[in-house]
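Below is one structure; the comments refer to it alone.
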Amino acid sequence: SAGNAAAQEARKGGTLSIILQPEPVTLTPSTNMAQPTQVVAGNIFDGLVAYDFDLKPKPALAERWEVAPDGLTITFHLRSGVKWHDGKPFSAADVKWSLENIWKTIHPRNKSLFENVTQVDTPDDSTVILRLSKPSLPILSVLNGVGAPILPKHLYEGTDILNNPYNNKPVGTGPFVFKEWKRGEYVELARNPDYWEAGKPYLDRLLFRIIPDAAARAAAIEKGEIQYAPYNPVPFRDAERLSKLPRLKVDTRGYEWLSPLLYLDFNVENQYLKDVRVRRAIAHAIDRAALAKIVWFGYAKPAISPVPSSLVTFHNTKLPQYPFDVKKAEALLDEAGFKRDANGVRFTLTHDFLPYGDDYRRTGEFLKQALKRVGIEVTIRSQDSAAFIKRVYVDRDFDFAISYNNAFPDPQIGVVRAFWSGWLGTGTPWTNGSGYRNARADALIQEAGVEGDPAKRIAEFNEFQDIVLGDVPSLPLLELNFFSVYSADLQGIVEQGDQVYSSLKNARFVDAPKAN
Amino acid sequence: MRSDTATPVLSVSGLSVDYGTARGVVHALDDVSFDLAPGETLGIVGESGCGKSTLARAIVRLTDPSAGTIRLGEKDITHASRRDLRAARRDIQMVLQDPAASLDPRWTVGELLAEPLAIHRIGSRADRRGRVADLLRKVGLPPEAAGRRPHEFSGGQRQRIGIARALALEPKIVVLDEPVSALDVSVQAQILNLLTDLQRTLGVSFLFIGHDLSVVEYISDRVAVMYLGRIVELGDRDSLWRRPAHPYTRALLDAAPRIDGPAAPAGPGLTGDTPSPYDLPPGCRFHTRCPNATDLCRHEAPATRELSPGHLVACHFPDTGAEPSSSARFGSGI
Amino acid sequence: MARTDTASLPPTRTDFRDRAVGRLLRRPSALVGLILLAGILAMAAFADVAFPGDPLDMAGSPLLRPGDAAEFPLGTDMMGRDLASGIFHGARVSLLIGGVAALVSLVIGIGIGALSGYYGGRVDRALMRVTELFQTIPPFLFTLALVAILQPSIATITTAIGITSWSGLARLVRAEVLRLRNSELAQASIILGASDARIIFLHILPNALAPVIVSASILVATAILTESSLSFLGLGDPNVVSWGGMVGAGRETIRTDPHVAAIPGVAIVIAVLALNLLGDGLNDVLNGKGERR
Amino acid sequence: MLTYLRRSAAQLVFVLLGIALINFFLLHLAPGDAAQVLAGESGAATPEYMEALRRQFGLDQPLYIQFLRYLGNLATFDLGYSFRQSLPVSELILQRLPATLLLMGTAIGFALVAGCSLGFLAARRAGKLTDTVISIVALLFYATPVFWVGIMLIVVFSVILDWLPVGGMTSVEANLGGLALVGDVALHLVLPAVTLGLFYLAIYARLMRAAMLEVYGQDFVRTARAKGVRLRRIAWRHVLRNALLPIVTTLGVQLGSILGGAVLVETVFSWPGLGRLAFSALFQRDLNLLLGILFCSSVVVVLVNIAVDLVYTLLDPRIELG
Amino acid sequence: MSDPVLAVDGLSIAFQTRRGPLPAVRDLSFSVGRGEMLAIVGESGCGKSLTALALLGLVPPPGRVTGGTVRLEGRDLLALDEAALRHVRGARISMIFQEPMTALNPVLTVGEQIMEAILEHEPVSRKAARERTLALLERVRIPDPARRFAEYPHRMSGGMRQRVMIAMALAGAPAVLVADEPTTALDVTIQAQILSLIDELRREQGTAVVFITHDLGVVSRYVDRVLVMYAGRKVEERDTRDLFADPFHPYTKGLIAAQPRGLAARPQAGPGPAGVARERLTEIPGTVPALAAMPPGCAFAPRCPLADDRCVRTVPPPRPAGSGLVACHHAGESHAI
């Protein structure tokens, strides 16, 4: 944090209480990309790089890196003198091992990105050279501590990685050291005194507290029992209220690396929805601005493309659009041959919403009312997440469903999965839920994946966006703004674009930490 | 009338009933035998818990006997199936002790009286209505009674309804388990009169269970005295009262004061309590309280013997009526 | 021939049932319960008249407080839905859930209790084991599991509540049937030659009804509460308005706009209260406590 | 006594088998499995990864094999392994059990003591204002949804008055130990225990009142009065003890339901108990864990019922275990 | 009778109902002397138990004593407050109830329950109270008192329990013992034991006994004087012998006649029962009127063969007759029937 004068005045030490919700499954981000795991792990595991607010990589464990012009070689120069929390030195071997055994194999998101890495060379302890058979530009977008976690080879080598006991008492190189995980209560991390960045972290202790009920979270934040609460910890309405309190700040920065997008998946095999006119009609029937305002309390903005606007280089603004227009919607439906019956109903659909909280349920309710206006009767179906995943992604026994995906800095990582037909039939969650198949789109996805020329990739993605938005198998609804709430006497708590998944090494209390 | 003068309508032999409970097995009835002649009333007396109700329940097959036989005329109903029993039930009916409890409070008297007819599919609906009126008249209730519910009647009237219901199927035998115990003296007289009248006109046999000796004496032709599940003495009402042979019968008669009896009990009476049915004494069951008990009594159960024709007693040392004390006791009143 | 009883019958008193109702009405608490319940029933019955249209419609601006706008006397919720309309229409659903769930558990409970009590022995032991089983599994957890498995909808919620709440009733009915089976009432019928079915359905069950009716009122109340708890945990049916669902939906704004959850919450409290008061009153009246002093 | 214990043991075995059976098959009816949930939470997953998870969880086996294997494990007191939490189920349960027992015990204790006292008072003042007030308050507690009471208590006592912590079991921040820790836990316990207890308090108050009045109507009370015993002494010595009998019975019956209520209270107060664990296990299709919890709670219920029976025999000499 | 221990005068008890007071006992007067045993007989519901309870101030609500006095050793009990009454109950006047099953507290040992009767009235040590209790148990002929002391009621037979009740009633050496149908629930042989025990105690200790029963046989054997109640009123009060020999009131007559006679009263035992008509019992037709439907005049009038206008209109006042009193307009002429 460049030259913050206040930082010098800021007290060192203190305990920061943080909300963690829900309770993580594991604390090691190797196989589990769930949000709570990452929130904790970001503080324990440093990545090769970290990301700015504009998603440019900046040095972390890698001091420098070079990409060969043909994109087939990437070299990382590692920081020296870094130690694992157990005192063992960190070296290139750890990176190589992690790439080969985790990034390339079991990491749920990165497999395709590292697929073309054919060889990893470690000429010395602080140099790692990736050799690729084809270019894979998005690699540089996932190299933070949770995107490409580096695990201590000496603790993992030769073990069953999925069941390694260190998964739940992680050993990393980050600014905070794992102390204790009391299930159902808290995860405790302590300051890493040997951290490579001198003088950091400031805080002595991070205490991630598990508070399942939203009202209780709000109360805890309000009382100051909790000083940092990322990831929409309280209902929007409460956020509004808390933001007015002088003691608290509500901040939507720090989620740039995620770029979450709320979308509507149409089952294109449905007897009504297979008609693109119907899908377009529905798109016209939804007032996304009102949705953002009423249901999401302004913590969202209408999306116009499957690639969120935060991915500036890839986001295409010249795409077919579906402005809110009930008349147009009705016309399209009439045209498609679905006339209103005596009760004014054209047909009935079932809607499944992502069971991750009331916001999604209310979105469903909003859609129900919106579609009712154009003569589509909607039955909302609620279920838990296991059932939702099975219904949408495995059984494909649904009409239209609402969900969200993180886009991440490169469409290759988070966007194309929703459209690539290669995922069909695999039953993989958060992939192509609509059942969309388009040869051109598939080809574009594949080409962009191995394209070494950034400009060409952009062109490919532009065409891709144009196709999928025209076909609307999946309708982008809103770009969501997640928010964090934190105490006004904290500084350095949001410092980078992947902050929520990164460490709090810059966080510090400006006044005496609250006695508690 | 003696039981041997005609074929009995009911004949019970060697009847035993055991109840299995958490605390152990209760031999509530042990080897009980007797006959009931047509038109006869057999009284059963004994202390609480001696098995009177068990006997009644076993005879109408509310309880399954563990040994012995029950014959209704020629028919053995000891192990009759439910279906066969239904037919048999037309011949043997029972009046329960508590008239308030045995009449469904939700039903009208008419419905209650028609129920047995409906169960056995006798007559049409209209026929039944006639029969009900008939029955009500028989037991001395006005026909309007049919439209009311049991709680609107007094205890005595309710017992009349109970009796009417038992008579609906025109049974040959009616078992009456303490039918007047819950009633006041003045009402009791009404019911006893009703029963005698009914027996005279209908010729039914009664098995009358009671604990009030004067009532049993009044109503019965023959009387059986029970003690701890056994019949200890059985005989003609008069011979039993005049010449009680079993010490228990004698004690029972002594202990029951009557307004026409002596002002003070004849003897010291029995001491001690009835033994627990879970833990029956060996030998003669009465020996723990018997003033004449000997070693023999303590070890060997007495067989039933016939003192005079029809007068049976189960005692090693029955009082044959020679002793002055017993005759003296009755002497004063005669 | 017996002489006719010279005394005429005592004057006819009113019917047992009439008297029970009369006595019920004279109990202040039961009367209050009855009036409240009648009010709720009336709300349910006239929901369509008082508030035509879909209660789920986003009719106004969100989060109006009671009194903010004349057309929304109780205000609106987060989605701008009319709370008053929700309360009226929700009365229907909540009573339906309560009623049907109670019915389900009545059918199971009475069935098991009656068979167990009447036949005794092995049947009894087997059925009571099953009942015990259902008693040992924490009922709410069980309901939760069922709803999660069957996926929340008004039908599954109702069924799940019914399936998990009959065990107490079964025991109660069993005890009653056992008592009545050994009572002179049933024995008199056996002696008359009545069939088991006749005895159970005509004599035993009608007489065991009093405590059953009382528990039924409590069951309805409990079902309404359970539904609200399920909604609180996010397992409600979003297609219909129920009070529980409204409370569940209002909990997000419990700090900022407490009326959204409080109004349906009060409705639940009143309904549960009414049913309990009525149950208490019925209990006193049907079990003759009012007569015996 | 011996036969009683033998019967209880048989009952326990039956109940446990029944629970295993019902839950196992019921839970397998649920759509989706643990691998899907896990994959779903991961934000992305490859088919190979899900296959690996399934194999690891044993979900690739036929159902009856899974069940038999589960029963086999149970026979050796092995509750299995929670793959999701990467810990043995028994360890997870043991971690949470103390908190659960503490919460339930305190809630029940509070409900019993306060409820019985109120019921006692109401019965002694039957028909008077005190009685009416107590009865109405009890009914209100009974009729108000638990979670609602909980949230309101937090708002009033934690946020507005700032007397008590919002939730959790300890002030982890403070690094307390010894007596201070005990005090701290006690402070955290107040609101959840009261919330959970209020509902049962209402039940016990009403039950106690009814039982007292019932006993007051019994002949032996008249006997006591006839021998000139003081009213206060009649209430305490003759009526109370008899009136406790139905309470004890209810206590045993309600234990199961308390654990259910704990789900709500643990949610509202972030109490690290079994109810909450079961709840999340359910949604994560962590069947081993859920089965284990249901199992343990049933064992607890059965054991407490045995204890209740024993207490009953102490209170009521008429009852003999057999 | 000189100086009765207990003198009841004009006792009236009514139930408060919504439709106004419902009189259950009306204008009842009687007295008992030292060592005397007075029986109150009458049909079920005629107010016997209420009267008994009123003697101890124990009329259960909504019942209430609406008039009269109950003087125990000269003191009007009805004027005492609850605290003062408590000192009298169990000490000067005590009571035995009908149901020995339910009249004892099931969860306390019989010893404790008897001791309580002592400790509540006298400032003695527990040890002394225990001694006295053991003596009392001995006194009522309970075998092995030391063991029985620690026994719970459910382990005892009915007769045994009734003895415990008696021991409890005697604990304070009361002047008056009220026994409300103490043997109705017991077997005849046990009844005989209990009755002779009571009889013996009153002779030895001079306790006055108010004995409530509906068993005329028992009355004839044990009791000195009989008070016959009908529908809440005294209809006749006589010395036992006189009463049975020559009842005045038509109700009393009916009651005695309705009793089945034994051999003694039958004309020499007839040839054989069934065939030959048993002589009919004398019935009192009809039933006792309900409290709410009490006729204005003599309550027995609707069932009385002698009833005339006067009976229907006015309540007959008790007037002296023979060794006692009778309340019948036709008392004089009643000999005619």
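Letters A, B, C, D and E name the chains as they come in the text, with residue numbers starting at 1 for each one.
The definition used in the following text is that contacts are C-beta pairs under 8 Å (C-beta built on N, C-alpha and C of every residue); 3 or more make two chains touch, one makes a residue touch a chain.
Quantities reported herein were computed from a predicted structural model and do not represent experimental measurements.
The minimum number of touch steps linking chain A to chain D comes to 1. Set against the Cα centre of chain B, the chain with the most distant centre is A.
Averaged C-alpha coordinates put the centre of chain B at 55 Å from the centre of chain D. Centroids built from CA atoms put chain E at 54 Å from chain D.
Distance between chain C and chain D, defined via averaged C-alpha coordinates, is recorded as 24 Å. Between the Cα centres of chain C and chain E there is a gap of 49 Å. Across the assembly, chain B contributes 154, 157, 190, 193 as residues in contact with two or more other chains. In chain E, the positions touching at least two other chains are 60, 285, 287.
Shared contact sites, meaning residues of chain D that touch two or more other chains, fall at 30-31, 151, 155, 267, 282-283.
Taken in their complex, chain C has these residues touching chain B: 1-5, 8-10, 12-13, 15-16, 183-185, 187-195, 198, 202-203, 206-207. Those residues of chain D lying in contact with chain C across their complex are 11, 14-15, 18-19, 22-23, 26-27, 29-31, 139-140, 142-148, 151, 155, 217, 253, 256-261, 263-264, 267, 275, 278-279, 282-283, 290, 294, 297-298, 301-302.
Only residues 218-220, 222-231, 233, 237-238, 241-242, 315-318 of chain D touch chain E when the two sit together in their complex. For chain A in complex with chain C, the residues that touch the partner chain are 214-215, 218-219, 235-238, 240-241, 294-295, 353, 355, 357-358, 361-362, 364-366, 368-369, 372, 379-384, 387. Across the interface of their complex, chain A is touched by residues 30-34, 36-47, 49-50, 52-53, 56, 84-87, 92, 95-96, 99, 151, 154-155, 158-159, 162, 165-174, 266-270, 272-273, 276-277, 280, 282-285 of chain D.
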